[in-house]
Amino acid sequence: MIKVGIIGAGRIGKVHITSIATRVAEARVKTVADPFLTPETEVWAKSMGVEHTTKDYHEIMNDPEISAVLICSSTDTHSQISLEAIRAGKHVFCEKPVDHDVKKIMEVIKALEGTGLKYQVGFNRRFDHNFEALQKTVAGGNVGKPEIIKITSRDPEPPSPEYVKVSGGIFLDMTIHDFDMVRFLAGCDAEEIYVQSANLVDPAIGQAGDVDTAIVTLKMQNGALAVIDNSRRAAYGYDQRAEVFGSLGMASVSNDSQSSVQLSNSDGVTEEKPLFFFLERYMDAYGKEITEFINAIVNNRETPLNIEDGLKPVLMGLAAKKSCQEHRPVSIAEIISEEGL
Amino acid sequence: MIKVGIIGAGRIGKVHITSIATRVAEARVKTVADPFLTPETEVWAKSMGVEHTTKDYHEIMNDPEISAVLICSSTDTHSQISLEAIRAGKHVFCEKPVDHDVKKIMEVIKALEGTGLKYQVGFNRRFDHNFEALQKTVAGGNVGKPEIIKITSRDPEPPSPEYVKVSGGIFLDMTIHDFDMVRFLAGCDAEEIYVQSANLVDPAIGQAGDVDTAIVTLKMQNGALAVIDNSRRAAYGYDQRAEVFGSLGMASVSNDSQSSVQLSNSDGVTEEKPLFFFLERYMDAYGKEITEFINAIVNNRETPLNIEDGLKPVLMGLAAKKSCQEHRPVSIAEIISEEGL
Amino acid sequence: MIKVGIIGAGRIGKVHITSIATRVAEARVKTVADPFLTPETEVWAKSMGVEHTTKDYHEIMNDPEISAVLICSSTDTHSQISLEAIRAGKHVFCEKPVDHDVKKIMEVIKALEGTGLKYQVGFNRRFDHNFEALQKTVAGGNVGKPEIIKITSRDPEPPSPEYVKVSGGIFLDMTIHDFDMVRFLAGCDAEEIYVQSANLVDPAIGQAGDVDTAIVTLKMQNGALAVIDNSRRAAYGYDQRAEVFGSLGMASVSNDSQSSVQLSNSDGVTEEKPLFFFLERYMDAYGKEITEFINAIVNNRETPLNIEDGLKPVLMGLAAKKSCQEHRPVSIAEIISEEGL
Amino acid sequence: MIKVGIIGAGRIGKVHITSIATRVAEARVKTVADPFLTPETEVWAKSMGVEHTTKDYHEIMNDPEISAVLICSSTDTHSQISLEAIRAGKHVFCEKPVDHDVKKIMEVIKALEGTGLKYQVGFNRRFDHNFEALQKTVAGGNVGKPEIIKITSRDPEPPSPEYVKVSGGIFLDMTIHDFDMVRFLAGCDAEEIYVQSANLVDPAIGQAGDVDTAIVTLKMQNGALAVIDNSRRAAYGYDQRAEVFGSLGMASVSNDSQSSVQLSNSDGVTEEKPLFFFLERYMDAYGKEITEFINAIVNNRETPLNIEDGLKPVLMGLAAKKSCQEHRPVSIAEIISEEGL
C-alpha cells in the first residue's frame, strides 16, 4: 500500500483525492496539505478516508511513511516543491507545467538523476478515452505515415484578465496541453513553430498582454506538419478534437456529450452540446493518470509522462511566444540554444 | 430511339417527361396526353422536346411509332389503360398501384401473357441511392441471414380527408410502398401480416374511415420478421429509413438532407431536417426507374419490377386492411384464397 | 449513515458493493451474504470496506443495525427474501424481476402495506444517461403527444440452453426490461400486446421451448403505439436504442462506444462497435439506481421504481407469452382477470 | 435564348455542354470548338443538341449569333481567349485560373472596362450544396463574428510529375480553390499568408519543384484567422470540408458519399467513403454556376464571381508561393506592390 501526500486541496487536488479513494486499490491518501485549508475541506477529506490534514506541506515531506507526493499547488510552486520532494526521497506527480522557466525544470531533472524516483507530469488528456484510442490507432499504423496532425482546442469561457496576467500567456497556459498532445500523436518532437494569433474574444485579454485566438503551425521531427487552433471561448462548450492524416488514411476523434439524444422537429435535428467543463470531459482521464502513476511505482517502471515530457512542451510554448512576438517561424533549436541547454 | 407516349401530365408525368428529356438518350417523348391539359403545360412540354400534346390518350394508342407508354393518370384508370396499351402492342410503365382490385390486376397479367411486352410498375423507392445500396449490402451477404427488417415510413403532412376517401386506405395508398420495400430487402414474399393502428394525426382521417398511424408486423417466407411503422405526419419532414438485422450484423440507411451543415451554438448541435417532400428525396430515383424501363426494352430483358411485383404489395395491403378490421394476424394465403387466385 | 446488507455476491452484487463504496456517501455495506462465498470474494469485499461476510443471509435479517437490504440472489429467491426482509423491517432493493409468479409479487405488495418501508426494483436502464435524457425530452413535451415508441434491444450473445430453461422465457427474462422502458417513455401502462416471434439464432433455444427473435407490438393507455424488437444475438455488440415519435417531432438515443475514433481509409469510414457487454453500458446506471434508493430512504420519499413498477412488466411479459402461444393480440386486462387481481 | 460557344471539349467542357442542354432553359450551345476534336466527341455533342463543331475557335468569335463564350481550354490560353472574346463583344465564363500572371489578368480587367459584358470565373465550389449552405449560415450571423476559418482540401490521387511541372505549383493549381473559398466564407480578402509545406506524398513531385502537403495560415481583413490544409493524396477519397468558428458558435460541413448505408458487424460500424472524384462531388455545382452565368446575362446583373474574384486568389497564390520559398509570412500588399498594381 503506497501512502500518498497531496499538496494543494483545490479543484484538482480534490479530483485526485477522490480518484485514489475510489479507483486505486494500491494507494491511500495519508495527508493533505493546503495553506488555505477550510473546515469544509477537512470534513470532506476525512469522509474520503484521508488520515490527516494540515496547512503545512512540510509535514508531508518529513513523514517517512509517505512515499509519493502529488503537487497540486499553484504553478509558481511546482518546481520548488518538486525539488523538496525529490530531496526527501519521494516519488512525484506534478500538475502541469513543472515551471515556465526552463532553468528551474533543468534543476528538477538534475535532482532526479540517479535517484530512481518516479516523476510524472499531469498532462491528463493523454488518458482521455478518445485521445488514447486515437493515439493507439495511429501508433498501430492504421493511417500509415502521419503527414498532417490537426488539434482543435477551445475553452468554453475566457479566463479573467487577472488570471491572464499570471498565466504565462496562452501558449504556456493553454496551448501547452496541445503541444503535449501533438507530441503524443506524432510520436516525436517538434522542430519549428509559427504562430498567427489575435485578440478577438475579450479586449481585456489584449490589455493584459496576451492573445486569445491562435493558429499554431508546427513542423515535426518525423516530417509531419501539424496545426493547432485555439480559442479562449467556444459558445457551445469545451471543444477538444484531433485528426491525424497519413499515407493510408485519416483517424479523428470528436467531443463527448452528456447523452446521445437527437431531437428532430420543424427546426432541424438537434443533438447535445459537447460537455462544457474540462472536469466533466476529463474526469475519467484524471483517474487513469493517477492509476498509472501508482502502477509505475508499484511495478518499478517508467511513468507514462516523465520530466522530459514536462520540459518539451515548455520549450514549444517559448518558441510559440517568440514566434508571436517576432512574427516569424521559430525553431526549437533556437530556444534550446538560447536557454543554454 | 424509343418513342414514348405519356398519359397524364400531372406532377409525376412531368417528372418522367423531364427524366426522358435529360437522362435517357435512347428514348424521346413523342406525345403527352392529358384530359385537363393546360396551355402552360403545352408550352412547357414543347420546351422539353415533346413533339405533340393532346387531351385524348387514344392518339397515343393509335400511333404506331410509339412503342412505350407511361401511365401517370389517376389510380382508377391504371388497369384499364394498361389493358388498352397492351392490346395496342405497347410496352407499359405504370405508376403504382396497378389497381386496388386484384381481379383487375389479374386481367392485366392475362393480357400480357405471350405478348413479350415489357411491363414495369412504378415503385420508385427501389431506385433510391440509399435503399438500392442497402439492398445490395444485404443481398451481398454482409449481414448474414436476415432476421429482422425494419422500415420507417412517415409522410411530412397528412392528406386531405377527400383524398383519404378515394385513396383505398393507408395500407393500399401509403404502406404499399413499404410492402414493396420489405419484399425488396428480404428478397422474398410475406406470409402473414398483423396491424396495430390508430387515428392520432387528424380526426377527419378517422371520420373518413381510415387510420393514420400504424405498426405493421410481418412474417416473411424466409423466416425473417419485419416491422413497418407509418405515420401520415412527421413534423420534421419526410422520414424514410430502413434497417436489416441478420446473423452477421446490421445494415441501415437514414434520410437525406439538403446539406451537411452542422451548427454548434449555446442551444446544441443542429443539422438540417430530412428533405421535406417526396419529389426532392426521390427525384433521382424517378430518373433511374425510367432509365431501367427503357433499358429493358432496348436490351429485351426483364424489367426490374414486373406485373407480379405490382400484384404482391396489393395482396399485402388487403391482408393489412383485413388485419386492421378483424384485429388478428392475417395470412397472405387467406387473401389469395379469398380472391380465388 | 445507512448500513446495508447485500444478499448475493455474484456479478451484480459486486457492482452494487462497489457503487456504495465509491459513490454513496450516506451508506456503507455492513454485511455481504452468499451461500457460495469464496475466499477471494471475502478478501475483495474487505478491500471495499465491507465489515462482515457470511454464507447465511439470516445474519442480515437479524442485524438491527442494518436498515436496508439489496437482494441480488437468484430470481427464484427474490420474492421470498423480499418478504423476510420486509417482515424484519428493512428497506428493500430487489433485482428484477421480483418474481415470475404474479401471486408472489402480490404477497410482497401486501406485506409492504402500511409499513412505510421503501421498496425499489432493479430496472437499471431507466438510469442510463441516454434513456434518462430521452425520457426527460419526451416528458418535457419536446415531441408533443407520443404516437409511436420504438425500442431496439438485442443481446450480444445468446444464453445457454440451460439458462433458457429456467429463465421464464425471453419475455419475462429479456423483454421485461423493454416493457419497463416502454412504460417509462410512454408515461403510462400498456393495454394490449401482440407478439410475432421466431427461433432463428440457436436451434437449442427452440428445443428449450423458447424463441430468440421477436417483434412485440403494444397499444399504450395514452393511445400511442409501441414496438419492441428483440434478438438474443447481435454480432456487433449490445444494441440498446429507443425512439419516441410524436405530434411535434421525434427524439431518439443510440448506443455508446468506447471512443469516438473514426478511421477513414480505402475501405470506408469505420467507427467503434457499441459497447459489447451490459455491465460496460450500464455501469453508471447501476450506480445511479443505488444512489436513488439510498436517497429515498434518507429523505423519506418514494423510490423511483416501486413494487407496482415490478408488477406491471411481469403482467406484460405474461401477455406476451400468451400472445406468442395463442398467436393473437392479448390485453393486459385479460391477464389481470386470469390472475384474479 | 442565349446562344453559347464552348472553347475546349475536354472533361470540363463536356460537363458544361451537358448542363446547358439539360438544366438551362434560356441557353443553347451553338458551337463547340476544340483543336483536338475527335469524331466521338462530335457525335456526342450532336446528341446533346449542339448545332456545330469545329477545330477553330475563331468561328465562335466571328459568329454574331453567339453572345456568350465558355473558355474551357488549357490554362495558358485563358487570358488570351478572354481578351479575344471581350473584343468580339461576348460575355465570358472562364475556367479558373484566368492566368497565373497578374499582368495578363489586369489586361482582361482593362479590356472589360466600360463594355458592360459579363465575366464569370469558374470557382465551382461556391455552388456546392454544402459550401453554399455554410456560407449562408455564416453570412446570416449564426456563428456571430467569424474568428477561425478552417478548410480541409485533399485530392484523392496525386497528379503526374508532368502535370506538376506546368501546373504553376500547388498554390496556384490546387489551393487556389481554397483561397477562393476562404474569401467566400470570410466575406473579405486576405491580408497575410504563411505556408508550412512538405513533399511527403511522391518524391517525383518534389523533383518537379513542388510540394504536395501544406498548411497555409491566413490573416483576413476582418481580423479572422484562417487555415487551409492540403494534401495531394487522401487514401479515402476527395476530402472537402470547412468549418467557421465565431463569437456565437461554429458551423461546419462534411463530405458527401454515395449512400447513407451503415454496416455494423463484428469489425465495427462502417460507412461509405467520401465521393472519390471531383466530378462526382461537384457535378451539381457545375450546373449551378453555369445557370447563374446565364441568369446574369439574361437579367443583366453582376455575375456571382467576377474578374476581381479571379484576380484575388492568384495574388494569394503568389503570396503563398513566396512564403513557401522565403519561409516567412508574406502580405498581400507586398505582392500587389511587387506586381505594380
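Lettered A, B, C and D in written order, each chain numbered from 1.
Criterion: a contact is a pair of C-beta atoms (placed from the backbone, for glycine too) under 8 Å apart; a residue touches a chain by one contact, two chains touch by 3 or more.
From a predicted model like this one, the values you see are computed outputs, not experimental measurements.
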item	value
Intersection of contact partners for subunit A and subunit B	C, D
C-D or A-C, whichever has more C-beta pairs in contact	A-C
Chain whose average C-alpha position is farthest from subunit B's own	A
Subunit B and subunit C: spacing of chain centres that average the CA atoms, whole Å	42
Distance between the centres, which are taken as Cα means, of subunit D and subunit C, whole angstrom	58
Distance between the centres, which are taken as Cα means, of subunit C and subunit A, whole angstrom	40
Per-residue multi-chain contacts in subunit C, two or more chains	235-236, 248-250, 264-266, 272
Residues of subunit B that touch subunit C when the two form their complex	144-145, 147-148, 150, 154, 192, 194, 196-198, 200-201, 213-215, 217-219, 223-227, 229, 231, 233-236, 239, 245, 247-250, 327-329
In the complex, subunit A residues that touch subunit C	21-23, 25, 47, 129-130, 132-134, 137, 142-143, 248-256, 258-266, 272
List of subunit D residues in touch with subunit C within their complex	235-236, 264-274
